[in-house]
Amino acid sequence: MAAPDLSVKLGSVTFKNPILVASGTFGYGAEAKQWCDIEQLGGVVTKSVSWKPRMGNPPHRIIETASGMLNSIGLANVGVHTFVKDKLPYLAKFDTKIIANIAASSAEEYRDVLEHIEAHAVENLAGYEINISCPNVKDGGLSFGTSVERTEELTTLLRASTDRLLIIKLTPNVTSVSPFAQACERAGADAVSLINTLVGMSIDIYTHEPRLNTVTGGLSGPAIKPIALAQVYQARKSCGIPIIGIGGIVTAEDAVEFFIAGADMVQVGTANFVYPDAGVRVASGLAEFMRSQKIERVSEFVNSLRVRAELKAAGW
Amino acid sequence: MAAPDLSVKLGSVTFKNPILVASGTFGYGAEAKQWCDIEQLGGVVTKSVSWKPRMGNPPHRIIETASGMLNSIGLANVGVHTFVKDKLPYLAKFDTKIIANIAASSAEEYRDVLEHIEAHAVENLAGYEINISCPNVKDGGLSFGTSVERTEELTTLLRASTDRLLIIKLTPNVTSVSPFAQACERAGADAVSLINTLVGMSIDIYTHEPRLNTVTGGLSGPAIKPIALAQVYQARKSCGIPIIGIGGIVTAEDAVEFFIAGADMVQVGTANFVYPDAGVRVASGLAEFMRSQKIERVSEFVNSLRVRAELKAAGW
Amino acid sequence: MGDLSSMTPVASGLSIVTKRHVIAPGLVTLRFHNPHIARSTKEGQFVNVLPKAGFLDPMLRRPFSVYWTEGDEAEIIVQAHGRGTGILAETREGELLDVLGPLGRPWMIDSEDYMTAVLLIGGVGVASMPMLTRALERMEIPIQTFYGARTKSLFALDHLQNLHLATDDGSEGYYGSNVMLLRSFLEKGSLESPKIFACGPTGMMRAAQSLAAEFGIPCEVSLETEMACGIGICQGCPVLNEESVFQATGRRYRLVCTDGPSFKSEEIVI
Amino acid sequence: MGDLSSMTPVASGLSIVTKRHVIAPGLVTLRFHNPHIARSTKEGQFVNVLPKAGFLDPMLRRPFSVYWTEGDEAEIIVQAHGRGTGILAETREGELLDVLGPLGRPWMIDSEDYMTAVLLIGGVGVASMPMLTRALERMEIPIQTFYGARTKSLFALDHLQNLHLATDDGSEGYYGSNVMLLRSFLEKGSLESPKIFACGPTGMMRAAQSLAAEFGIPCEVSLETEMACGIGICQGCPVLNEESVFQATGRRYRLVCTDGPSFKSEEIVI
């Protein structure tokens, strides 16, 4: 059989494979270059960028937990002006797609950042991922991410500013992700990505102080994969636009679970901290898996979960 | 210094220590007896009991995940009549407290089960834990657990039927646990316990079938501890009644984190499956810890998190 | 995870591995020092073992039949199947195993309804058979052993008796299934009032079940389901009862860890 | 976790442990085979090591200075501190280490501003000093080493030069802090245009910082912060810049993993 075709199409953009590296876990590309062949990735989602540079939170910013980690980086980023001046042109040199992740504290800031990037867009800029779900800064948009109305308004506003891919990144810290996915679809988003980190905390039992500078932070890594899968499945059942699955992916097998649950693409996050080329490994592992399973296109197993009829009937 | 005093008082009930074993993770006491000295536990929270016996879900009911597990037991239980006839009298023989956990699909069923147990109460029955948060049966009360109004109504109803401890067990699968904790307080609950399991899922990538019979199930174990801690802390900031902390506790150090975050007592769950005497180990480890830290009473470190002033001001 | 060593319960007997023997790639026996388990385990009982002591990922114990006991030492046979058994199979001599047991009910050998014990073994289902063989020998019950494996190199023949081997690839003994081999014996009527003790892959168990029904002979099958606790507190290991049993007992399921691992083949749905 | 072995990236060089040497209880050196790291590591650089290869709990790598290199082998010295280093310290010869590196910037040894290299070492801060010593020797820069430890048995003296030892318990050398010992030398002016290279506990680093300021001599300190990636992508290892540096660069923090681990002591807040 012919080598499997890993390419996937999202809106009008074709990615060479469905494996992206997640925002905040791969810098702006330059840092990991020595360890990871960026051009073997479907694309790079850049660290959340805001209008002004952000210094980030004071230490401690990261704490290890059981099969996971908490972070409270505080959206440390160079700001959109340096981003378009240095970071974007650097990534433009690589044969892979760029998705610019944006974080802000007001609808206007989101729009201004997006339009500023749009004005300096490079050829391989595929689109934008809107972070309305950062749990570890007070003005990180989670106020948007937990309100269906504000999510829909913001999506509508940003939709008007770009024809590139508009991806809304959803938070898992809600009772149900469905109305949020539906709001994004109504407002014209090209896709939703989920999940961002879960609110978590860790305490130093000798000092009685929180281990993270911000008391609570964002939980990520293998520990959260089952939760992420359930939310992707939930979103898939409730909206019609493409889904980018995120959460605890380390191996190709993990990624395949997300595809079966309904994700069209996936992002590899925390795993990059352990294996800087985790994304590339997942991509090549995926090719191997497809070959062994005689699957020619990723789309063949996207949203292919087999649920017994009586369970479907019972509403699962 | 004198040996630390581990006893804690909840309402009018004194427990010999603040370590309980969690519902569904210790059966009805008899099963683990060979491996665990039940009388060294603060108390036993029995497996959720409903009016009629429940056969439980078909296999597969449990799946291991990274530092955790998914379960879909389906509230398999003997039903309240066998419970009061066999299980309660058996546990009555032990010098420890019993908390009867109740699951139901209607407010009336909750009340009938509670009143039936109340009518057959044994002397060491401390009270009831109301499970409104089981994610793996369609009629397991999660419909109550995700509605503040129904939570408050149910609590009010049940409060009228008993003077024993009334503990409402909250779900983590909500945007914020605060309004639920407050509703329980308003309706006269003696305490809230949290967290129940998080909705999660796992997929067999070769058969494309969910690994659990019910597609999604409940995630528990060390993996969820950071989430549980954050929710206990959140609940502590928003309500005045005692809190029983649950989620991923394996060691005494884990338990201490929960006390510092604001829990008055804790429950050990999944750890019992790995170490049947995990609860006893946590209790004795806690005593050691208090001795080493020269702490005489658990209350000395309950809710003792040190948050820097500027963070408090910033709303953390 | 916090530091487990500080609180690992006695119940979970940390046991030092005294011998690791490789039978074939991915098939090893591990002998460990644990007087309680070595001296109290009965034929057919199992132990629940942490893939790696002190680590909670993998978090759950894995069940293994007790393969042999001698003095203060017990032995398990491990077939590398997935991550946990893969880790276990690599355990070195001198390392610690975290073992909980003995668990489950023994084989029902003292029933009156048979004179010849027929051990029907598929692959690593051999695990509980040496202990069973020893117990039957002590009761002076004649044994006939029908043992099937994928290929010659995968047989673990120690302590077994009156062997009739079968391999899928014909590399040893009968070319085909051990159930077919047993059937030919039953048809010849060459086994005097036999009772089948079966352990192996699901397919073999089902075949054994219908064979026993067809010839109207007693049959006991030892089942495998995933387990968390192994002691009856998690309800994670259900086996479906035959309708008749359900009607009689009101129980739809029984638990493999405490009601089993072995069951009368006519009472359950495999 | 899925099966990692199937996808462990090349970047994370699985390296076989060829020698484990116990210096004192909980203090060991691990030598491993890794040509890339052994041949390209410069003095002061570090590696990021998984506590147990193939396990993701503990999930994060732990940073360790490269203690020595020879041919295709590199060595780290591990002080058992918490769970991860506790596991690492128990690694046996023949086991695999998952090592990422070399990482970080080397010590700044070719600056013009000194003639005598003063190595100020506290405890396991010794880790990067043998490599530094070798590099300085090659440049024929005189070295004076002020090495403090809790007690005599905790010194790791291999490859070091011109030692002035100090112990908290007086069991060896100067009874007190190595910083006090160095101060006495500086007051006597017996060190010719010195530059301090310091690595040790926070307290010692602060003392070194103010000592250098007081005597107006250059000082470089090697810092420890928790790290996830070790390569600059997680932003988890910030060190606070001195106000002056912040004004000049607009950067409030630098990253210990890529901008460090060593910094000019006047430029950062310890």
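Letters are used for the chains, namely A, B, C and D, taken in the order the chains are written, and counting of residues starts over at 1 for each.
As a working rule, a contact is a pair of C-beta atoms (placed from the backbone, for glycine too) under 8 Å apart; a residue touches a chain by one contact, two chains touch by 3 or more.
Bear in mind the structure is a predicted one, so any value in this text is a computation, not a measurement.
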Greatest separation from subunit A - chain, by CA centre: C
Cα-centroid distance, subunit C relative to subunit D, in whole angstrom: 52
CA centroid of subunit B to CA centroid of subunit D, Å: 46
Distance from subunit B to subunit A - Cα centre to Cα centre, in angstrom: 33
Residues of subunit D engaged with two or more neighbouring chains: 1, 3, 56-57
Residue numbers of subunit A (touch at least two other chains): 66-68, 221-222, 253
Arrangement of touching chains [line / ring / star / complete / other]: complete
Parts of subunit C lying in touch with subunit B, wherever the complex brings them together: 1-4, 6-12, 50, 56-61, 100, 225-229, 231-238, 240, 250-253, 258
For the subunit B and subunit A complex, residues of the former touching the latter: 65-68, 70, 138, 146, 173-175, 198-203, 205-210, 213-216, 219, 221-227, 229-230, 233, 248, 253, 256-257, 260-261, 289, 293, 301, 304-307, 311, 314-316
Residue ranges of subunit D touching subunit C (in the complex, touch as defined): 1, 3, 52, 55-57, 83, 86, 92
Of all residues in subunit A, those that touch subunit D in their complex: 24-27, 31-32, 34-36, 47, 53, 55-56, 58-64, 66-69, 71, 73, 76, 221-222, 250-254, 270, 272-278, 280-282, 285
Subunit C-facing residues of subunit A, complex: 66-67, 222
